[in-house]
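Going in written order, the chains are labelled A, B, C and D, and every chain counts its residues from 1.
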Amino acid sequence: VNQNLSSADHAPALSFKSDNITGASPEVISAIVAASAGQASPYGTDDLTARVERKLGDIFEREVGVFLVPTGTAANAISLGSMTPPWGSIFCHPDSHINNDECGAPEFYSNGAKLVAVGGPSAKMDVEKLRSLARVKVGDVHAVQPSCASISQATETGSIYSLDEIRAIGDVCRSSSIRLHMDGSRFANALVTLGCTPAEMTWKAGVDALSFGATKNGVVAAEAIVLFDTSLSKELAFRRKRGAHLFSKMRLLSSQMDAYLKDDLWLRNARQANLMATRLSNGFAGLDGVETFGATEANIVFCRLPSLMIEALLNAGFQFYYDRWEPNVVRFVTSFATTERDVDHLLSHMRLATAGAAV
Amino acid sequence: VNQNLSSADHAPALSFKSDNITGASPEVISAIVAASAGQASPYGTDDLTARVERKLGDIFEREVGVFLVPTGTAANAISLGSMTPPWGSIFCHPDSHINNDECGAPEFYSNGAKLVAVGGPSAKMDVEKLRSLARVKVGDVHAVQPSCASISQATETGSIYSLDEIRAIGDVCRSSSIRLHMDGSRFANALVTLGCTPAEMTWKAGVDALSFGATKNGVVAAEAIVLFDTSLSKELAFRRKRGAHLFSKMRLLSSQMDAYLKDDLWLRNARQANLMATRLSNGFAGLDGVETFGATEANIVFCRLPSLMIEALLNAGFQFYYDRWEPNVVRFVTSFATTERDVDHLLSHMRLATAGAAV
Amino acid sequence: VNQNLSSADHAPALSFKSDNITGASPEVISAIVAASAGQASPYGTDDLTARVERKLGDIFEREVGVFLVPTGTAANAISLGSMTPPWGSIFCHPDSHINNDECGAPEFYSNGAKLVAVGGPSAKMDVEKLRSLARVKVGDVHAVQPSCASISQATETGSIYSLDEIRAIGDVCRSSSIRLHMDGSRFANALVTLGCTPAEMTWKAGVDALSFGATKNGVVAAEAIVLFDTSLSKELAFRRKRGAHLFSKMRLLSSQMDAYLKDDLWLRNARQANLMATRLSNGFAGLDGVETFGATEANIVFCRLPSLMIEALLNAGFQFYYDRWEPNVVRFVTSFATTERDVDHLLSHMRLATAGAAV
Amino acid sequence: VNQNLSSADHAPALSFKSDNITGASPEVISAIVAASAGQASPYGTDDLTARVERKLGDIFEREVGVFLVPTGTAANAISLGSMTPPWGSIFCHPDSHINNDECGAPEFYSNGAKLVAVGGPSAKMDVEKLRSLARVKVGDVHAVQPSCASISQATETGSIYSLDEIRAIGDVCRSSSIRLHMDGSRFANALVTLGCTPAEMTWKAGVDALSFGATKNGVVAAEAIVLFDTSLSKELAFRRKRGAHLFSKMRLLSSQMDAYLKDDLWLRNARQANLMATRLSNGFAGLDGVETFGATEANIVFCRLPSLMIEALLNAGFQFYYDRWEPNVVRFVTSFATTERDVDHLLSHMRLATAGAAV
């Protein structure tokens, strides 16, 4: 029985800081336990890893290159490193994780490529800006050369690119001869919202390489680099090892990923996380002084709260980021482990704070 | 009860290829399960990680910097990267893991430092050779600059530096103003053989940074960089993150390490591995045509076997490396999970092969 | 007699594209010839190089570290590489040469540091923006760390930081514990305009390292990295050699620099260049349809010309950049070699085109 | 008239330390002077550079990629950087310049490739050792991958690979799918000794890229990277610029190279240097206590001298390296600027010292 889901016998979870503060789904834990027994061939030559590779091929309906790594930053940086020369540029949104939160890992793994910011509303790259930047100074030896673009699906603010938006970016990349990477740290959250197939959201729309996230959605630490441009596979094997990300006991990663992909656990977990975010933002209606920003598309809710309410929630033990973006702006993140009880508990405290303020 | 140790109800383990083909100690698995429940602060700011740091401080009897990483290559490459400028040289034995088996990870993490081989018998660096090389071309702008040395304890062939040998190397390093790193992938195996304290085998002998291995000795995937020169700590935090080795759910690593260090599990496991190696090499006595190389100091046994015996063992399903170093030279590696029954099973097949050959 | 200055017996020079299309001052050529005779100690251990180092110390009124290199990009990239760790950020104006025109050389020499753009009018960094950015995420392991700032004096558009502006930036750098670099590709052009001492424009205002340009102002190919923070000197010697910029026959560089600094040639050359730019922009007055942008502070003049005039000038053989920034925007660059006759020749053609258009 | 060659009115040159202590041929100086006049298109788009490219194509009898750079280390490091991935190995002789004297520039420009030493007598790589090393661990993700080999022609000790020897190495490279680089810092010295064509000594024997040296043989500072595998050209342009080796006033380099290649100056200079070395070693015959090592094939002479003779020569003002390799071992290097009078002057002092010792 999972402690996360059997909320009845536990106090409600109080932190909405991030989806990386949760544990793992019970199926994943069981898989780790099972995989830790006995002898197995090392460095990814084991049966379990082969099964994961097959499963991902099935899910994406085509031949793929699969490279398991322990962190999302590794997935992003290693795959990007294979998609640009050191004198190339990587187009990304100014608010993207690779641009802000990876301590320059993409620069490190690419031996010094340049991240070039391409703005756009809702943390999504503006396709017209990308189109014009992707053509600038091509062939000019004085300038870094447009080499690839990276989009986050879902984005760092919880927004989601529509299939048309991805295809438009994919078209620009193809016509500019640059590659397209997708940071899918919250891939499942986006997928269940769009209701499309994994293939449609990736290679059919022009994506060449995907960081297929699992850590935020039910496993402890495991991500897969999924290559649709399999010409990159040979080089990627060396890049992963050289980056020190090749596990001798690969089963620790593959067991997690195997359980994650089994019986749609990954989709069920993402639906739960998204549903709880929607329940939360729906609950804001009728709360005086609470302003929501944009639609709730994945598992992240941004809103503006009165200072007194923020204070009251903190005093009650709740955890969340606030005042980071603008004064009084708060971010709540739900996860596969968030329960209705957790959300309702938070909402009841918000209601209480409103009532208190009204007195 | 661990499947590995309860050999009674399992077939004997057949692979002696490496200590990385084993699973994990049951205590470690239980710790992972326990740690995977509920919410925890991310990126190593959790209580479990703090406890591991304290434990390692206790074990080494001093203030240390602790950085958990998932692979031994990461531990080596990240710590070495902080001990040399890009234009520096890293002295190491030609047979060392960093020189041969890490796909240039030390070069990558140091931004291009040069590994300079310093030979010596038994896979151990000759201290006099180190002494003379550490003084060559110091200050000469045309040459890479002596910056650090790295020794493996136990070495890649299973030999062990005595305390005197480490101290002598430490003295050379100090007098040449270069730093000393220890690749402790099999640290515990060496420690229990020497019967000294962890402090004596490291910083008291002049070691500045240690790759404290656990993966080969009872955990699934977890290593600790232990800094005795804590002036390197600040920079190491950035190097680890930039290398994409900072886990958001650090508890996966810290839970393993916590269990590994608890109740001397790490020492008990190492003793078992070493004991089984000794049992094996002792068993060679009286086997016609089996030639052993050197003393069995840790958990690795090198020997020369007749071709027919090698063939017979392979046919019986045993796994091990052979013909890699010289024709007919075989390497057997035992681990914490190796049982007397496993060893005796192997020996009986060797005896059988001898008898067969004798007929 | 210099072919460049004795314009009487030559056709007027037609290219105003850049100050890198000119040859060299006759004094510089003579110095190269003289230095190419006989034997000299290699790799910068010769007398001439020592003299250049002394001269720069005199000019800057203090102890300096001096490293001659052949290109401005080398001066910038090597010095910046010593002022930031790979996980650092380099603040610079979005229009700066290091950000746009060096093919990522600063990223290469810094092993992957991140250039962070700090906007501001007239190609000059806004000090308040710098102040806030220099404090963001300091100590946060997920973010690249503020490490240095780089300003261009004169800027890429020919504008000039006042002493107060440099000091304000220097203060921000010091209070944020980051270093300050000056790209002085057109150092002399700025200096003669400000009428201050070299010391005042650099270390007295907070500059730690300077790319002291000469190539655009009278030599063929020679620049000096001038370190005011001489703690960087030792490391810089290795960085220069490792970058393959240490000349065995250093006299080729030092002879140029020696002549450049002798009898104020560098200042005289810069004055001539600036004067010719002013003569040109003054000449625009009274030309119908010619719009000048900003004051002419150094040797670069930006203006907007009618399409027909651009066409007429091109047809007459003149060379200059246009339509690069905005339609009809033209850049004229003068140099030490530009003569009154060259400028007047250009102006007369502009006048002609105006007249033609007026008909 | 060249000061170097018109020895009559000068004291004999006393330094035999290296061929990098000389100045330049008068034809080269004149070319620099001529090229420094007037306006020219920057960054290698000028006519002179185009002419040099054509000339090198003619000399090598085929299409080549040509990239002028100022130092031999730049030529080596940039071309090697394009011939190996960061996880590759570069085979070279342990005594090679790239291995010992470039402060890790090849590692820097290749982003951390590994130089693997392949021994052999006379500073020449043993082809059988290369053959076996080039096949080791190919495809093994744990090992750096054989990527290219680099040979020096002439070598650092003045020996010369025969055409057969180069072809044998070329065959090994081709059959192992690795590229072959030639460090031709003393290319002309080797060529005139072998008496073959430049094509025969390079691409016809399997060389893919050449560092075509000129600095040691008559110019002040200019080398050419000559690519026979022209598929590397596009990338090399970016690598040169990113390394900060693209001169805006390229004419400084191209004028030197143009004069160097004109009227066989490069061959005449090399012949003079070699001849003077032979004159010197021939002169050793009959000198008591002087032991010569090997044949004199290029412009370097190694010998063993009595201590008293070394002392006497030093006292007389002569300069040379000694006691570096072994006690009493001396290296004399001649150059294009060495005259019969210089050599005879040295020999007479040696004779004097012998006589003195004999008394």
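For the reader, a short list of remarks on this structure follows.
Heads up, the rule we're going with is that contacts are C-beta pairs under 8 Å (C-beta built on N, C-alpha and C of every residue); 3 or more make two chains touch, one makes a residue touch a chain.
In this text the structure is predicted, and so the values were computed from the model without any measurement.
Graph distance from subunit A to subunit C, where chains that touch are one step apart, equals 1. For subunit D, the chain whose average C-alpha position is most distant is A. Separating the centre of subunit B from that of subunit C, both taken as means of CA atoms, is a distance of 53 Å. Rounded to a whole number, the gap between the C-alpha centres of subunit B and subunit D is 44 angstrom.
Subunit A and subunit B have Cα centroids lying 34 Å from one another. Among the residues of subunit B, those touching two or more other chains are numbered 86-87, 102-104, 108, 111, 141-142, 238, 241-242, 246. Remark: subunit D residues 3-4, 10, 13-15, 18, 20-24, 28-29, 32-33, 35-42, 69-74, 76-78, 102-105, 108-109, 215-216, 220-221, 238, 241-249, 251-252 touch subunit C in the complex.
Taken together, the subunit B residues at the contact with subunit C in this complex read 43, 85-87, 111, 141-142, 145, 235, 237-242, 246. Remark: subunit D residues 86-87, 100-104, 107-108, 110-115, 141-144 touch subunit B in the complex.
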